[in-house]
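You will see two complexes here that share subunit A, one where it goes with subunit B and one where it goes with subunit C.
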Partner chain A sequence: MLQVFSVTLRGVFRDRVFQGILIIAVVFLLIPSISSLSMRQVTELSITLSLSLISFILLLLAVFLGGTSLWKDIERRYTFSVMGLPVTRASYVLGKFAGISCFVLLTSVVLGMAATAVIRYSSGIYPAMRPIVWSNIYLALLFDALKYILLVAFAFLFSTISTSFFLPVFGAISVFLVGSATQQVYDFIHTQAGQALPWYIKKIAPALYYVLPNFEAFDFKVNAIYGIALSVPGVFYTTGYFLIYLFLVLAFTSSIFSRRELQ
Partner chain B sequence: MNAIEISRICKTFKGKRGARVEAVKDLSLVIKQGEIFGFLGPNGAGKSTTIKLLMGLVRPTGGSASIMGHDVGSHLSRKHVGYLPENPAFYDYLSAEEYLIFIGKTFGMKEPALKEKAEKVLRLLDLWEARKRRMREYSKGMVQRLGLAQVLIHDPDVYILDEPMSGLDPIGRALVKGIILDLKSQGKCVFFSTHITSDVETVCDRVGIVLKGVLQSVERVESIMTEGITGYHVRIKDKGADEDREEYAAKDEISEVVGRAQAAGSEITLIEPKRKNLEEFFLDIVKRKDAR
Partner chain C sequence: MKQIALFSVLISLYIAVLFPFTAYMQNKPFAEKLGYVPQPEVLKLISADQKQLTAASLIMKVLFYFGTLVEKTEKKIFLPADYPGMSRTIHVAVKLDPYNTDAYYFAQAILVWDVRQIRIANDLLEYGMKYRDWDFYLPLFAGFNYAYFLKDFEKAAQYYKKAGDLTGDELYVNLAGRYMHESGQTDHAIAYLTAMEKSAKNEAIRKSFGIRLNALKETRRVEKARDEYLEGSGKLPASIDELLRKGYLKEQPVDPYGGKFYIDGKGQVRSTSKFAFGAGSSSR
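Here is the complex of A and B:
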C-alpha cells in the first residue's frame, strides 16, 4: 500500500491537471486589491476570499484528480501490471486514495501559507475591526480539506463501478452539490413552510439526510472570518462524522473494486 | 509442488444483448517447476483470458487454479510470479528506473540489492541509456522490454508472459528467447502465450494448443519434432554418374529405397528426414477442429 501511495503522489505532482489547476492560485495576488474595495472590512473580506479560493481549488483537485486517478489506471490498463503484483485490491485502492488525500492536505498547507501572507498584508492596509483568530482560520482550512477528502472517496467509489470518467467526475460534482444542500433541506422540512410539503417528501428527505454526506458540518468559515469561538463538541462531532463516513465509503469502494473484473 | 495447476477452469463473459461468451471451457493443466510451457493458439482462442484467470484479474466461472500452491484468488499467489501483460502499459510518468524500484519494493526488495539488480536488468534489456527518461517517451518495443525487465527484477520462480515477443524487432525477439532459455537453465518455470509457432519450437519443453477456449492438445515439443517425420530425402550417387540424384522416400519406404540403391551398386551420400514442423502440427489441429 505504501508503494502505491508513493507512486500515486509522485504521479499527481507530475500531472498536468494539477499543474493547470494550481495556476488558479495566482488569483491570491488579487485578493488584497479586491479586499480594499470593501473599505471597512478589508481583513474580513480577505479571509473570506482566501478561504473561498482555497476551497474552489481543492474542489477542482478533488473532482478531477479523485475522479480520474483510479479511472485512468483502469482505462490505460496500468491496473493489469499493478494487480499482477502481490498487493490486494483493497490495499491498491486505499494506497491510491491515500496518495490523492495526502496531496489535498499538502495543497491545503501550501495554499494556507499563501492565505496567511495575503491576510497579513490585507490587515496591514486597513486594521481589522475584530481580532484575527489564526487557529480558527487554520481549523476552517483543515475541515475544508477533510470535506474534499470525503469527496475524493466518493469519486473513487464511482470510479470502481464506472467504465468512463463521466460518472466519477459528474458523480463527485453531484455529491458535492447535494452534500452542500442536505442540511438546508433538512432544516427547511422542519420549518412551518416545510410542513406544507407532500408527506412522501417529508419522509424521504430526512432519510436522505442521514444517507447523503452533510458538507455543511465541515464549514467553519464564519468562525474564521469573524473570530467567533468554535464549539469544541461541534469540532469533535464533525471529526467523528468524517471518520465514520469515510470508513464506510472506502469499505464499500474496496469491496466493489475487489469484485471488479479487469478485462 | 507444481508451479501452476489449473483444474477444470471455465470463464464465461456476458456479451452484448445478454449473449454468453465462453472464453475458456473446462481447461485443466499442470506445469512443473523448471518447465518452459508455450500456450499456443490463434487470436481470440482464450490464451489471454486464461492468463488473466491465473493472475486474478478476472474470476473463474468454474474450476480453480493455483500458483506455487496458492489459490489464484489470493494475492499470495502472485508473490512468486513475474507477470508480463499483453501490450503492457506502465505508469508513463515514471522513468524505467523509478518503475523498477517501485516493483522491487512491492516485492520487499531492499535498496542496495534492488539498485544493483535494476542496473543489471536494464543493461540486459538495453534500456540503461534510457533509464532516466519518462516512459511516455518510449517506443512500443522499449515498453515491451521494460515489461520483461520488471518481471526479472525480483527473480521469481514462475514467469507468466502474455505474448512476450509482441512488438519486438528480430534482435529483441532473439534476446527474449535467450532470456527464456537462461531462465530454464536456472530451473525457473515460464508459461507464455503466443500465436507464433517458431517461438515455441525454439524454447519450449511442452506446448498446449488452445482453440475456441478449449485446450486441444498438450505435447512435448521434442516429440512433435521427432515423431513428426513424414519421409526422407535420399541423395544417391549412381555407379558412373558424375552428380548425385535425389529421391524422396515415404516413412515406410526408406528401407526399400536404400536396399534398391545398394543392390544397384549406388552410393547413398545423404539421408535427410523430412519432418512435420510445429506449424503443420498446429494447423492440422485447427483443421480437424474446424471439420468437426
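Here is the complex of A and C:
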C-alpha cells in the first residue's frame, strides 16, 4: 500500500499539478488590495478571501484529482498490470486514496503559509477590531482539507463503479453541493414553514440528512474570520464524524473495487 | 499567410467591438448594475461553503454602486439612487454573514441618512448586536438614531451606555446621560459626522460623510440666521430670500445634494433634496 501511495503522490507531482496550483495561488497577491476596499474589516476580508481561495483550490483538486486518478489507471489498463503484482485490490485503492489525500493536505499547508503572509500584511494596513486568532484559522484550514478528503473518497467510490470520468467528476460536484446544503434543508424542515411541506418530503429529507455527508459541520470560517470561540465538543464530534464516515465510504469503495471486473 | 490575414481580421473586429462594448458597460444603467438579488435562503444554498465571500461581494457591489453615485454628485450630476435595491442587498448580505460589520456600517450610512428608514436601520443594528456582541459601533449607531432622529432619549441612553460598557469610553457614557436636544440637534449631528468622517477608511463613504457635513453646516448657518431674525423681529422669517434681503444671511446657502433650501411652516430649515442623492434632481 505504501508503494502505491508513494507512486500516486509522485505521479501527481510529475503531472505538474502543484505548479498549476501555484499559478492559481498568484491570486493571493491581489488579496491585500481587494481587502483594502472594505470599509471596516480589512483584516477580516483578507481572511475571508484567503480561506475562500484555498477552499476553491482544494475543491478543484478533490473533484478533478479524486475523480480522474483511479479512472485514469483503469482506462490506461495500469490497474490490470498492477493486479499481477502482490498487491491486493483494497490496498491498491486505499494507497491511491492516501496519495491524493496527502497531496490535498500538503497543498493546504503550502497555501496556509501563503494565507498567513497575506493576512499578516493586510492586518498591518488596517488592524482588526479584535485580535486575529491564528489557531482558529489553522483549524478552519484543517477541517476544510478534511472535508475535501471526504469528497475525494466519494470521487473514488464513483470511480469504482464508473466506466468514464463523468460520474466521478459530476458525482463529486453533486455530493459537494448536496453535502453543503443538507444542514440547511434539515433546519428548514424543522421550522414552521417547513412543517407545511408534504409529509413525504418531511420523511425523506431527514433520512437523506443522515445518509448524505454534512459538509457544513466542517465549516469553521466564521470562527476563523471573526475570532469567535470554537466549540470544543463540536470539533471533537466533527472529527469523529469525519473518521467514521470516511472509513464507511472507503470500506464501500474497496469492497466494490475488489468485485469489479477489470480488463 | 492566410492564417495571418484571418488573425488580423479577427483582432481588428475584436478591437472594433471592444470600445463600444466597454462604453456600453460603463454607461449601463445603475439599476441594472445593482441587479437582482435572490432570496437569502436560496443564496445560502447556492453559496455552499462560501457564504462569507458571497456576503462580502454583495456589500462590495453596493459600495461600488454608491461610490459611483457620490462621484456623479461631486460632478453636479444628480442621478436617482436605487435605495430600496441597496437596502435589500444589505439585508440579504447580513443573512448570509451576520458578522459582517461593513453591512451595518453601510446600512447606517444609507438607510439612516439618505432614506430616513430609521426603524429598519435600528432593527438591522439590533440584529447585528446579537452576533457582534463585542462591537461598540452598533449600539453607538443605534443610540444616535434614537436620540437624533426618533427623539427617544431613554432608548438612546440605553444604547450609549452599552457602547460605553463595551469600550469603557467615558464619552459614550456621558452621552448616555445627556439630552441632545439641549445642545442643538444639528450641532450634535455635525459633531457625530465629523468624527465619522475622520474615522472613515473608504473613500466613497468618507466623501459621502463630507457632503452631508457640508449640507448640515449650511443648514446650521441658515438656522443661526433664522434664530437671529426671530430674536430681532419676534417672528419667523417667511423664506431664505427674506434672510438674505435683510442681511441675516450673507450668501445663498448651497445644498451639495443639488436641492434648494427653504423654511417650512414650523420654521424648520429644510431642502428640496431631503439631503439624499438624486432626490433633488429634476430628471427623476
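Some observations on this one:
As a working rule, the second predicted complex is superposed on the first by the 257 of 263 C-alpha atoms of A that agree within 3 Å, B and C clash if a C-alpha of one lies under 4 Å from a C-alpha of the other, contacts with A are read in each partner's own complex, and residues count from 1 in each chain.
The criterion applied here is as follows: a contact is a pair of C-beta atoms (placed from the backbone, for glycine too) under 8 Å apart; a residue touches a chain by one contact, two chains touch by 3 or more.
What you see is a predicted model; the values in this text were computed from it and never measured.
Once subunit A is used to superpose the two complexes, subunit B occupies space next to subunit C without a clash. Applying the stated contact rule after C-alpha superposition, one finds that A:10 touches subunit B and leaves subunit C untouched. Contacts of A:86 after superposition: subunit B is touched, whereas subunit C is not reached. Once chain A of one complex is fitted onto chain A of the other, the partner contacts of A:177 are limited to subunit C, with no touch recorded for subunit B.
Judged by the touch definition given at the top, the superposed model places A:209 against neither subunit B nor subunit C. After overlaying the two complexes on the shared chain, residue contacts for A:138 are found with neither subunit B nor subunit C.
Once chain A of one complex is fitted onto chain A of the other, the partner contacts of A:45 are limited to subunit C, with no touch recorded for subunit B. Counting residues of subunit A touched by each partner, subunit B versus subunit C, the larger count belongs to C. Touch criterion met: A:78 reaches subunit B, while subunit C stays clear of it. With the two structures brought together on chain A, the opening angle seen from the C-alpha centre of subunit A toward subunit B and subunit C is 150°, to the nearest 10.
After the two structures are overlaid on chain A, the closest C-alpha atoms of subunit B and subunit C sit 31 Å apart.
On the side of subunit B, the complex with subunit A involves touching residues 13, 52, 55-59, 75-76, 78-79, 81, 83, 85, 87-94, 98, 102-103, 105-107, 147, 150. Residues of subunit A touching subunit B in their complex: 3, 6-7, 10-11, 14-15, 76-81, 83-88, 259, 261-263. The residues of subunit C lying in touch with subunit A in their complex are 41, 44-45, 48-53, 56, 60, 63, 97, 99-102, 105-106, 132, 134-135, 137, 200-202, 205. Only residues 37-42, 44-45, 48-49, 52, 55-56, 126, 129-130, 144, 147, 176-177, 180-181, 184, 188, 215-216, 218-219, 221-222, 225-226, 228 of subunit A touch subunit C when the two sit together in their complex.
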